[in-house]
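Written below as structure tokens is the structure these notes are about.
Letters are used for the chains, namely A, B, C, D, E and F, taken in the order the chains are written, and counting of residues starts over at 1 for each.
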Amino acid sequence: MLDVITIGDALVAMTPTSSGRLRFVHSFEKKVGGAELNVAIGCARLGLKAGWISRLGNDEFGHYILQCVRGEGIDTTHVQLVDGYPTSLYFKEIFDDGRAGSYYYRSNSPTSTMRPEQIDEAYVEQAKIVHISGVFPAVAKTNREVLLRLVQLAKQKGKLVTFDPNIRLKLWSAEEARETLLALMPYIDVVLAGEEEADLLVGTTEPAEIFARFAQLGIRHVVIKRGERGAVGNRDGEVLDHPAIPASVVVDSVGAGDGFAVGYLYSLLQGWDLQKSLHLANLIGSIVVGVRGDNEGLPYLDEIEVYLGQKQRIER
Amino acid sequence: MLDVITIGDALVAMTPTSSGRLRFVHSFEKKVGGAELNVAIGCARLGLKAGWISRLGNDEFGHYILQCVRGEGIDTTHVQLVDGYPTSLYFKEIFDDGRAGSYYYRSNSPTSTMRPEQIDEAYVEQAKIVHISGVFPAVAKTNREVLLRLVQLAKQKGKLVTFDPNIRLKLWSAEEARETLLALMPYIDVVLAGEEEADLLVGTTEPAEIFARFAQLGIRHVVIKRGERGAVGNRDGEVLDHPAIPASVVVDSVGAGDGFAVGYLYSLLQGWDLQKSLHLANLIGSIVVGVRGDNEGLPYLDEIEVYLGQKQRIER
Amino acid sequence: MLDVITIGDALVAMTPTSSGRLRFVHSFEKKVGGAELNVAIGCARLGLKAGWISRLGNDEFGHYILQCVRGEGIDTTHVQLVDGYPTSLYFKEIFDDGRAGSYYYRSNSPTSTMRPEQIDEAYVEQAKIVHISGVFPAVAKTNREVLLRLVQLAKQKGKLVTFDPNIRLKLWSAEEARETLLALMPYIDVVLAGEEEADLLVGTTEPAEIFARFAQLGIRHVVIKRGERGAVGNRDGEVLDHPAIPASVVVDSVGAGDGFAVGYLYSLLQGWDLQKSLHLANLIGSIVVGVRGDNEGLPYLDEIEVYLGQKQRIER
Amino acid sequence: MLDVITIGDALVAMTPTSSGRLRFVHSFEKKVGGAELNVAIGCARLGLKAGWISRLGNDEFGHYILQCVRGEGIDTTHVQLVDGYPTSLYFKEIFDDGRAGSYYYRSNSPTSTMRPEQIDEAYVEQAKIVHISGVFPAVAKTNREVLLRLVQLAKQKGKLVTFDPNIRLKLWSAEEARETLLALMPYIDVVLAGEEEADLLVGTTEPAEIFARFAQLGIRHVVIKRGERGAVGNRDGEVLDHPAIPASVVVDSVGAGDGFAVGYLYSLLQGWDLQKSLHLANLIGSIVVGVRGDNEGLPYLDEIEVYLGQKQRIER
Amino acid sequence: MLDVITIGDALVAMTPTSSGRLRFVHSFEKKVGGAELNVAIGCARLGLKAGWISRLGNDEFGHYILQCVRGEGIDTTHVQLVDGYPTSLYFKEIFDDGRAGSYYYRSNSPTSTMRPEQIDEAYVEQAKIVHISGVFPAVAKTNREVLLRLVQLAKQKGKLVTFDPNIRLKLWSAEEARETLLALMPYIDVVLAGEEEADLLVGTTEPAEIFARFAQLGIRHVVIKRGERGAVGNRDGEVLDHPAIPASVVVDSVGAGDGFAVGYLYSLLQGWDLQKSLHLANLIGSIVVGVRGDNEGLPYLDEIEVYLGQKQRIER
Amino acid sequence: MLDVITIGDALVAMTPTSSGRLRFVHSFEKKVGGAELNVAIGCARLGLKAGWISRLGNDEFGHYILQCVRGEGIDTTHVQLVDGYPTSLYFKEIFDDGRAGSYYYRSNSPTSTMRPEQIDEAYVEQAKIVHISGVFPAVAKTNREVLLRLVQLAKQKGKLVTFDPNIRLKLWSAEEARETLLALMPYIDVVLAGEEEADLLVGTTEPAEIFARFAQLGIRHVVIKRGERGAVGNRDGEVLDHPAIPASVVVDSVGAGDGFAVGYLYSLLQGWDLQKSLHLANLIGSIVVGVRGDNEGLPYLDEIEVYLGQKQRIER
């Protein structure tokens, strides 16, 4: 039995050892990234049983990512290493004023070898939640059918399907994104979207309006992330506006949205109310940005318990 | 007026800071590589005027490579930076027992945006030698027509066309390589081939036989590189077998063949005889392997003059 | 079902980034070591199902080691993190002439919190082979009873018990080692010992004599490792002397014995004969010393298949 | 003749090269730390003659620390290197939001080999001030008798005995700390305590009350450090509240208290009044936190003279 | 045809990899610096044709700087490498509170081998602007005649001569600086001076007064840089006070003045009015301080076009 | 009382972190070097009391060197830090084939501020041996008078004066070296010279002839170092030819001659015979080349005792 299953393309994140334009950067360190993988890592750190469906290149970087994912205690029985497709890769660029850049080498993602019929029904059966994001279908066109199949199966088996649009306009156009993602809506139970993403999908940034439009699409559980203004949620009609939790320091904003999803999924599985759920989601988002790395800042359960006042601070 | 023009796809060479399987390597340093570019660099270091025709991504790595190439004093008036194609990239893997690995990210090479009709006749007109290798047509199918156009123009204008097969079976199959490269033969004046490459192209490793077969293809100036057994050359019927020059130490074998080509091209331009030409080609090949990096070991003129006994050793 | 279970104390291996006396070394890199863990890692890389029984500090280094072990695909259900005992640690010192040093911080090993009665019978039941070494009982006195309990259970359940003396005189005296290890002999099926270790245990370095003395102790399956002179094995009376397989390069001799054990255990599980078993054991030992790190050089199955001629070399 | 003698356990401070949880940190740099040693270093940098009584492991790290201490110009005639006790060690953990962690490997401190009767009377005789802190007796139980002997000798010889409680609850319990430290009070002349430390020792955080209680213990010269609220001192009845001197930047708070002590001891030796003494103590504390490292930020005399307006800023 | 020619002594800038007093810094990275060279680099990055007149040591560092300068696309036909004079060098020291230090090794600058009569008239003829600064004449006494010759030639040929006093009191005294620089005034068209520099040269910090005094020296185009209070310019009587453009972050203030000059020279060549010129000069100055390195922060044309609102922000 | 006093100019040794031409090296590490200082360090490591007379810049590097020298336990009472003279510096260049380069920045050595009359008679009085080399007089012309004064004083006081020519033709010409060094001969007791150095000084490489010519100069104690052919000594007519002791590995030949001197001086002070003296001198020379760094390889007494068979090897 797994708490959360997710599907995605992981990348080696080549991280500069100094700030500034990459043309002047001399050395890089190898780390791991990938939106949906980050969510699986965050869930595992909170003690949830998480599974990750993916393909990696059968090369040194594929083995490296596989080791990291297994090391986090994530189920990797549905991760395969395939020949002929180099493991995806990106270079991060970091400026001292907070700006950042990304240079992708993922045009032949190993996930593009997946086929819809290969999604294992029995695996989906095991999950409580199936979490997806808009990165996976953006990485390769063929991934779209795969994703559709996954959410159809999940829906059919009565699993809770959660969705973070995670729209990256470097990977596809706004039109492609909208069309592809709207096609998934009939199978989605919960949407966790940024304000601009909601606008791209349903054409408005006004919360009440956004809720109304997703309701028309049959989705009555929607959370809108509004950055420094916090998050607004609508869970079956109960609407709550939760203020942001300011980070004590911001050093790397990558992964904040993934952290938000982790907190929300965890809360769902605990059966917590909307207020407590938004609080944890906001909290994890604000913790993540205080730590360098795409997922290094995702907290562990004891840390969260300290933040939530359930446990005394651990002396480090 | 330029002495040598070459055409090729350059790469950022991500070099591990420690040896062993890349999955266990933590950090990497950014350097520059690319077979034909290495030849241009080597020529420039010997004081020749070298030009390089290429395309790079209009990204940080493209600018980085462009700076390096200009820094070497190579003419870059025919290098363009193009949007939408990430600059090519590869990761080196180095083992302490001398084995090595390469992991390429060059499937969307910026050079694949080149078209035959864009080859500038006036630029070719300026050159004494046009040097090509088998890497450029292997990187992208469209590069094959571009290369054909270049050598046709060169031939037509009476330029000396030199060719190093440089066959990389990770980039294309033996069949593709043979077919593509043989189609270039009518425009080639000088072949500098490894023994196995000659075998792949003309079906034999026996020098006399190789010379005979290339002669049938109309090429009467052929040099066969035989590793530790040195090189055998046939220049219009004069055949000479030159022993290898043992390297004082071997730390990185990448770029040895490019160094050989540099020495041979330099000799051609000096009007040296076959004996002296093979000597310099062998010498540079053996110098290159004693230095880490794809082109860092390519020698400067004063260094060569010391080796050739024309100058006293410079105290460092 | 597991192929191999082992028990041991793992360490963070602080590895110098430059050679020479540690007083002059400025920076260190964090890696993982530990004799019995190395064997588990090596087994897992060959595709065996391996389990590791241990305790780690409930601190950052304990979590780090746990992640690495899980990342290798080893079963960690019997690894616990305990408060109040810092995860064991050692500093390596490397000289350019091949000498090495070790500085241990493991006097309060977390494994010293283990008690004999905590060994899980059901876990032992699952194993085909229980592999032990002389490091675990040397690390803490209380570990001796724990180890005795483990091999008694294993013997009782008809498991194959393999033993590598691995005597480290920095951790205990020769007398303590002899007394403790001889007490284990009644429960041991296979001994894989260095020549000097055999001498310390049974008082001779002469193979026939060693075999005779172990036979008196009831052990009829003994392999003696003799460094550059290879290994001599006696399996139920069949005696075979196998020459060493020279390493192509020697850069770090730590872990060679662990690699030998891996090869021998793998062979046992394949049902291979003594000749083939000694060959693989020697082979892995010689591969390991060519790679820096306590376990980074332990090979993967495909690599071994290439060495054994069962598979073509993989182009890296 | 020496100005200040101190006694303590020094550590190698393994400092991470990047921030965040140590499990994700790859490399560490070797530095030196230790509360009482920091005070000796700070005194030496101000031109005082300082001596340090200690034991280090007779290993690479012991020699390294000895070199550093001698390099600072501290008298090390009473530092011995002992076999069988590894030099103490700790790992620092640094978070970008200012939090920090410490992981100690000092349970077998070489100082635990010291015996009270080994304190050299003649050495104590040479000192003007004997400075002690609560770290040394916390590191090993046997150190308590040693420390007692030292302060008794100092008192007997009419030396000024200064004391910084420096209570680290990771090393001993509050009860142990209180009992041990109160037993030293009869021999103490000057107390430099943090507010919480005073509370632990005499049961109140209210300055007047703290002064009263220490007076009952016979100590009439007490300074209470109150962080951002500055320091309050009572020197034989003269009470003065000195505001904090804000640091221009805070990058590493370790060593601030040691810097405070350095400034106060220096002032005592100059015969400065309470106001000037608190000013310098506060000033050095605020300088120290602006520099990474446990003692790298301790200022030199010329720097202090610039801050005190006695000298013009030196152009760097 | 060149837009800007400048003359100067370049240095290898050995940059510490960690902050704090250099005595505690372990490693350094090699970069390039030099006031006038920085201006040439900045101009080239904005698409101007820039030329640089200099001498470098005929050593590894000289070749390194030459490669960097060529790599930036600067004309180096008037740069020579000379034997016997080591390429100039300096060590940077960086404190976390923003203070910085410089340690120079440039007492035998290769530029000191230049002679006035070696200034190539034809080269000066090619330029639109000749830009000079006070660093070059400070580095070596003989450079003063060389510089005088350059500006005389420039004046004579009707070129625009721009001047940044760039007075470094570590290299010469105030008296030497004043005397030498005032002797150049008859040949200067535009002065870009800091407030304190103006004071040193003409004895006042009051803008109107400064303008008056320079006018007496025949210079009617003067800009005064006033740090956080922005810049005041007087172009042939038109006086304009432009506020500073606050940097989003300040990480390295070296090169800010050079960036200001770059912006002003660019504006002059575009024929922009004083308002727009001061704006760009201020803007580039504020961009430069947000990036580590003496010239790494100098912006490229597309970046400036974004800042000026002429182009949409490029997604990195 | 001191065993050995020496005088010299120390340097910061900027050491590349990778091999090859410095123009391609990115980072450097700060170490300490200087021929005569190396001898003092080597003596101190063997337990001798060593003193060093020198001047360093009153800058960060001067303080750094002073700390290192004090850290080695060398008497630094006659080392001063002077303003206005940057501490000497050199860059090392290392090639994988064993070649090396040096780039000096020591033209304004702080030692050039020394004056003959400043040599402290009382300090010389304290020494048993005064050791000098040819580097100090080569660094600055004024150092020659200083050195002459030192050896005159030493001779006058009956001290043993030992001399290593250490001729560096990058610092002065052969003529200057010969003239300067021969002027010192009347005050020299023991010469330790390389074969080529002897040739430069007395015009022959033939041992018997060298001995004869030095005898004419009044020196009857001469050792000639002949590299791989060992060393020949003549002590008052006793002639002995001692074979070289091959190094187990050669990684850095800098400092070998200094190590030889250390061994010989130590032997002199022990009163050992020529055979034992040459043995130790050869031994230390061969140990030094196996360790990177100018003096890191100089052995400690216990190490030497192991090599000489006086002590059992210490387990590291």
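Heads up, the rule we're going with is that contacts are C-beta pairs under 8 Å (C-beta built on N, C-alpha and C of every residue); 3 or more make two chains touch, one makes a residue touch a chain.
If you're wondering where the values come from, they're calculated on a predicted model, not measured in any experiment.
Visitor: Could you pull out the chain whose C-alpha mean position is farthest off from that of chain D?
Guide: B
Visitor: For A-D, which listed pair, A-B, E-F or C-F, repeats its interface with over half of the contact pairs the same?
Guide: The pair repeating the interface of A-D is C-F.
Visitor: Measure off the straight-line distance from the CA centroid of chain A to the CA centroid of chain C, and report it in whole Å.
Guide: 40
Visitor: Averaged over CA atoms, how far is the centre of chain B from the centre of chain F? Could you give it in whole Å?
Guide: So the centre of chain B lies 48 Å away from the centre of chain F.
Visitor: Round to the nearest whole Å and give the separation of the Cα centres of chain C and chain D.
Guide: That pair's centroid distance is 45 Å.
Visitor: Name the residues of chain D that each touch 2 or more other chains.
Guide: 21, 26, 29, 67, 93, 101
Visitor: Name, in rising order, each residue of chain A that touches chain B in their complex.
Guide: Listed in rising order, the residues of chain A that touch chain B are 14, 17, 21-23, 25-30, 59-61, 63-64, 67, 86, 89, 91, 93, 101, 103-105, 107-108.
Visitor: Quick one: which bits of chain E touch chain A in the complex? Just the residue numbers, please.
Guide: 29, 247-249, 251, 290-293, 296-297, 315-316
Visitor: How about chain B: which of its residues touch chain E in the complex?
Guide: 66-68, 70-73
Visitor: Would you mind writing out the residues of chain C in touch with chain F in their complex?
Guide: Within the complex, chain C touches chain F at residues 18-21, 24, 26, 93, 95-102, 169-170.
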